[in-house]
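Structure, as C-alpha cells:
Naming follows writing order (A, B, C, D and E), and every chain is counted from residue 1.
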C-alpha cells in the first residue's frame, strides 16, 4: 500500500489545464523525485496534495484511503508537511515566529514559551548549515533568499510527519546548505518518511531519489525507479515527454514503478 | 579601465554588517561570476549597484567615473540592467505589462503600442525556451516559479545595456531553460556587455565565467580569473573564505585579479 | 399659485397631497417625533395626505426628497431648510413644477416661498437672554460673568438665537462675557468646551447654552465641581432631560415651543391652498437678502421655569413617562405637579 | 475530461472567420468561470436593486425620476472617479468630500463677493483643488506621512475653511441663471443630444474596429467583427433608450398658466461621459495609466523599472482633488448654492463605497473607471429609492436602517457572484 | 570603518555582568538607527504637542485639566484598542463609532425603560456589541464582502437604530448616582489608587524579572538587570507623578461653605489600564495574538501553517465591536446620557486616526496596543487643547483648521522621526 497515491488527478485554472489524468505515488522510506519542465504542473500537483487547490477530477489517497483535502489543515492532520516553492513566510514575524507558526509551544499558563522556541529554532537553523542568520529574533523580511528558504525548510523539519514534500527546496541554497538539505532528505526517508522532492537539478535528483516521476505539460510522462533510468533518459522525458520505451502517455499510468 | 568597479564598499543594516571593504570589478566582454554562501552579501552588493541601497562607505565607478546611485533610475541611466533575486513583478499586470514596465512602447498618439509589445514579448519568451506560458496576456500572479523568473530575465534582455547583472537567474529554471539562459549570458558577453552572474551552481559558474569573485561573510575573499582556479578551490573559498594562497582577508583587496 | 387642475394622472382631481421636508435629527429632537406626529395628526384632521421626510442633515438628500415628493404629485411643500441655499434650490425646483412652498420654522432667505410659518427665532433668543438674567442665581447681582455656548454655526437658526440672546445680555448692567464657543449642537463638544471654560473661569455665574442637550453637558461638568445649581444655566426645546434639570434646579429654564403652534397653522394653510384659496397672512417678515416681504404666521415661545414646568407634559408635548423614568424622578415630578400614571 | 485533449501550450496562431467567434466565446466563458468577472457583478447588482425599487416604488423609472437620479448621481460619480486613482495606489483620501466643498466655496466667493464671471470662479475652484492635491501628495510621497492621517487632518481643516468662507449664513446662493446652475438644472436640446450620442457611438465603433485591424495586421488574435458589431449595437441601443426617455417632457403639472417643458438630458450627463472617456483612456491606454497600476500592484517593482513612484503618487492626489473640486462644483450646481458644511457628512464614504462596490480594491492595483460609474449609480439608486420609501414619525431612523440593509444586499449579491473574491 | 572588525555572524553566546549592559545598549542604539523605533515617535509627538499647549494655554497641565483630558481620552482610547485588532488584519470597521452608540443606547433603554439594574444594561450592550461583531466578521470572512462596504452599511444602519431607540427625546439621561456615571465622574480613593499603582508596578517588575531569569536559564541573551531596574523605576515614577497629581483636590472653588473635594484618579483610568494589560498580553504572549499578526502579515502563509484564518478574522471583528460597546458605555458615562446621534460624526475617524498616529498600519501586520493609548492621548490632547484656543461664535471654523494643522504637525513630526517609514 502506498503512503501517498494520486489517481487520475486533473486541475484547470479557467482556460489553463495545469494537470490532467495524473497518477502518482510515494512510498514510506523512499525519496520520490518529481521533475518536469517549467510550468509542467509540479507545484500545482503539490498544492493539490497540500489542500491549497482542490482537484477538479480524480482522487488523492493517503495510506490507501481517499481523502478530501480542502484546507492546508486537512493535509497537516494527515501528517503531510510541505515546503512550497513560494515560501509564504509572514514578513512581519521573526524567524522564530515563522518557524513555529500554527504550532507554537505554550507553557502551563497557555502563554507562548518563547525560550524553548527560540532555542529550538537556533538549533535547527545551525543544523541546516546556516551560519549567517545573526539572530533568530530578526524579521524574515530582511533575510537573504537562501536564509528565507532555510527558514521554510527548518519549519517542516521541526515536526515528525508521515509525508514530507519539498518543492524546489535547494533553489536558493549555497553549496554547503544544499548538501545539508539533501542529507536531511535522505535521513528523513531512512526514518520511514515518504519524501517527495521537486527539483530541477538532475545531479541532486539522481543522487538522492529512489523513484522518479516526470511531469510533461500537465500529464505524468512516467514514474520509474531510479536504477532503471539514466540521467539522459530523465532529461529526455522532461523535455519531450518520452524516451525510448518510457513515457508514452497511454502507458504512463501503468508505467509508474 | 573597468566597465564596473567597486572600491572599498561597505553597507550595514542596523546591527547587521552586510558588506565591508568590498572591492569588485567587471569588464566589458567578460562574464564575471559573483559567488558566496547564503547571506554572504551578494544580493546586497547587487542592490547597491542597482541603486536600491545606498552604500555606507566606498564608491562605485562606471567606466572609471565615480557615480552616485540613489535610485534604480540612476543605474538604468548608466546602462546597468539588473535581474534581482526577488523578482519584483507587479502581480496585477500581465506578462507584457511587466516586461515593458517603465519602457512602454508608444505610438504616434502617445498611446501604448500594445500590438508591438505583445509580439516582442511572445518572441522573447519563446527565445528563452519557455513553451508553457499560455498567453502573454496572462497576469504574472498566476505563473509558475520558473515562468516568473523567465519573465524577469526576458525583461532585461529587451534592452541593450552596457552592464547586465543577473542575481541567481536560473534558480527556478528547468534544464533546458537554464541552458538557454547560460547561452544568453555568453552571447551578451560576446556582444561586449559586462555581465555579472550571481549563482550557487558551480557547474554553471565554471562553464560560463571568465572571472570569479567570492564573497565571504560580507568581505571579498578573492576575485580571480576562471582559468587560475579549480572548482574545489572556489568551493573552499566560499565555505571558508580562503584556499591555499587565495583569499586571505588582509590580502583580499590586492587579490582581485 | 393655484392647483385647481392637476395633470398628474395618479392624483385625484382635487389634490390633497402635502409634502413635508424636515431637516435633521440632531439640531433638535422635535424633528424626530414631535413635528411628524403633530403634522400627521393635523393632516388627518384636515383630510390631507401628508408625506413627511427627514433629510438627516444632508442638503443633497433633501433635494432628492423634494424631487421624489414632486414626483408623487404633492401640491404644497412644507420646507424646513438646512440652509437657505439648498432651501432656495428646492423652492425654485418646486416653482418650476408649479408646487406651492411654505417655509416651516426656518425662513429661506432669498427663497421664493409663498408663506412663512414659525416661531420668531430672534425672539426665542431674546427670551433666553431675558430669562437668564432673571435666574435666581444671578438676579440682582452687581457683577455677573457668563459664557456662551452656541449652536452649530452651519445652522442659520443658531445664528439667530445667538443674535437674540447676545443683544439682550450685552445690555445687562454688570454682565461680562468671559468666553463664547460653539457646541455644534453636539453634547460631547459642548462638554469638552465647557470643561475648559470652567477651568479658566472658575468663578463664572451664568452659562448661556443654546439648547437642552448641550445644557446637560454643562450641568455634568458643574456637578463634578459641585457647582450644579449654583450657576445659572439656560436651555431650549423643553426636552425630557431639560425639564428634569429644571425641576432639579440645575437648569434655570428652558424654552417651550409647542409644535402645535406651527404645525396646526401650516397644515390648515396647506389645506386652504389646495382647495384653491389664497389666504392672507397676519404679518410679514422682511427677507434680509432681497427685502421681499414674506407673508408670515409667527407664534410666540413660552419660557419654562420651575413654576410652569408641568406645562409641556399637560400639553402632551412630552409624556410623563419619558420625563420621569426613575423612582427618584417620579417623586420630583409629583412635587412639581407632573402626574405619572 | 474532454479538456485532456488540450495541452497547456501557447496558442499563438490567431484563428479567423466564424471559427474566431467560437474561440472568442469559449475563451470568454472560460474566463468568466475562472473568476475574471469584470463589471458583471456590479451590473447585475445595479439591475437587481433598480428592479427592487421599480416594484416597491411606482414611478421610480419615470423620465422625471430618471433625470433626478442622474443629476443626484453626478457628484458622487465624479468624486468616485477621482478616488479610483488614489485607491489604485492603495491610498485613501478622506478629505475628498471636504476638498470639494472648499473648492465650491472658493468658487462661490469669487463669484459673489468678487464679482467674477462664472468661469473664473470654476477655474479658481479647480486650481485650488489641484494645489490641495499637490500638497497632500507631496506630504505623502516625500514626507512619508500615512495618507489616512494627512487626509484626516485636511478633512477637518477644509471643513473649517469652508465654514469660514461661507460664514454664519449657512449657505451662499449662486446667481440665478448662471451657467453653473444650468449644468445640473438645464437640459441639452434634443437635436444636440442625439448628435452627441451619434458621435459617441461612432467613435466607440471606430476605436474598436481600428484596434481589431491593428491586431490582425500584427498577427495577433483579434476580437471577431461579429462581437464588435454586437457591442456597438448594444451601446447604441442603450444610449438611444436613455436619450429617448430623457427627451420626454417631465413636467408633471401643466395647466393653462404654466406650460414650461422640461425635456432633454441634463448637461451633467455630457460632463460625466466626457470625464469617463478621458480617464478611462488615461488608465487603459497611456504609459501613465500603466504606471499607476504598476505602483499599486508592486511599488518596489515599479521603482526598479524606473517609474518615478513619488511623482505618480503625487499625481493621483492631484487628480483626486481636482475631480473632487469638479464634484463640488457639480454639487453646488445641483443645490444652486454652497453650504457651509458642503462635502462633510457621508459624502466621502458614499463615494469610496461607490468605487469599492464597483469593484475597486482598497489595497491598490485593482480598479477601473467604469467601477466609479456603476458603483456611483448603485449608491444613487439606493439613496433616491430610499428617499421617499418610508413615511411616518422617525422615518429617518428607519431609512438609515433600510439604506444600510440595501447597501449590504447589493454588496452581498456582488460577493456571491464573485464567489468569495477577497478585497 | 570600525564596523569592519565585526563580521556578520550569529552572536548566540549570551554575555553577562556589566558587559551585558554595554551590549544591550549598543544593540538598542543600532536598532534605533536601523529604523526600529517602536513607540518613540508617538511619545515624542505627544510630548511636543503637550508642551505646545502648555505654553499657549495656561492651566493646561493643572490637575483639573489633566483629569478632564484623561476622561475625554478614555472613549477614544478604548475604541482605538479594539480597532487595532481589525487594522492588524488590514480590515477596517467604519461602524465602530455607531456600534458604540447603538450599544450604549441599548444599555440606556434597558436601564430606563425596562428598569433593569446597571450591570444588566452594560451586559446587554456588551452582548449586542459581540453579536454585531460576529455578524460583520462572518459577512467578511465567509460571504467575502469587503469590510469597507459591510461596515459602511452598518455605520448607516446603526445610526438609524440608535435614533429609533432613543427616539424623539433627543437623549436619554442616565439615572443620577448610577455606578455607570461614576466610571468617568467618580474617583478612586487615594489609598486605593496608591495600592493599585503598587500592584501594577510590582507585577510589571515581576514579569520582567521572571522573563529575564527564564531566558538566562535557557542560555539565551537576557535583558540586563540594570535595564530592568531602570525601566521599573521609570514606570513607578511616572505612575506616582500621575497618582500624586490626581490626588490633589481639583475643586476650583473652595470656601467655608463648600468643602466637597474632587481628588483621586477617575475610575476610567483603572478600566483603561486593565483593558490595556489584557489586550497587550493577548497580542504579545498568546497563540491567538501571534496568529493575528501572522494573518495580517501574510494570510496565505498563516493558512498554510494551519491557522483557521476565517476564525481569526471573525474574532477581530468581535473584539473590535465589543470594545466599541465598552467605548460607548464610557462615552455615555462621560456625558451622563445617550444621544440619538451617539457615535456618529467624527468619532470613528478620530479613533482610527489615533491608532494610525500611534504607529499601527492600515495594511495589516503592524500595530500594538500601546499605539492606541499613545495615539488616543495625542488626539485627546489636541481636542482638549483646541477647545478653548479660539473664541467667538464662528470659532469652530478656525478651530477645525487649527486642529487639522496640529494633527498634521504631530504626524509629520512622527514621520520625520521615522524617516520615511511607509504605511
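The criterion applied here is as follows: contacts are C-beta pairs under 8 Å (C-beta built on N, C-alpha and C of every residue); 3 or more make two chains touch, one makes a residue touch a chain.
These figures come from a predicted structure and were not determined experimentally.
Common neighbours of chain A and chain C under the contact definition above: D, E. Interface of chain A with chain B: the two copies contact each other largely through the same residue positions, with over half of all numbers used appearing on both sides.
Taking the CA centroid of chain E as reference, the farthest chain centroid is that of B.
Put simply, the C-alpha centre of chain C and that of chain E have 38 angstrom between them. Per-chain CA centroids place chain B at a distance of 44 Å from chain D. Chain centres here are Cα averages; for chain A and chain D they lie 47 Å apart. Residue positions of chain B touching 2 or more other chains, listed in rising order: 13, 15-16, 39, 131-134, 217. Residues of chain C in contact with at least two other chains: 25, 32-33, 37, 153, 159. Listed for chain D are residues 8-9, 163, 168, 346, 393-394, 396-397, 399-400, each touching two or more other chains. Here the touching chains pair up as A-B, A-D, A-E, B-D, B-E, C-D, C-E, D-E.
If you check the complex, the residues on chain E that touch chain A are 8-12, 214-215, 217-220, 281, 285-287, 290-291, 293-294, 296-298, 300-308, 365-366. Chain B meets chain D in the complex at residues 50, 52, 71-73, 76, 82, 84, 88-93, 97-98, 101-104, 106, 110-112, 115-116, 118-119, 122, 126, 131-135, 155. Residue ranges on chain A touching chain B, taken from their complex, read 13, 15-16, 36-40, 42-44, 85-86, 130-134, 138, 142-147, 150, 168, 171-178, 200-203, 217, 235, 238-239. If you check the complex, the residues on chain D that touch chain C are 58-59, 62, 64-65, 68, 72, 75, 163, 168-174, 176, 251-258, 260, 262, 331, 334-341, 345-346, 383-384, 387-388, 391-397, 399-400.
Here chain E touches chain D in the complex through residues 90, 92, 94, 139, 143-150, 152-164, 167-168, 346, 349, 352-353, 356-357, 361-363, 393-394, 396-405, 407-408, 411-412, 414-416, 418-423, going by the rule given at the top.
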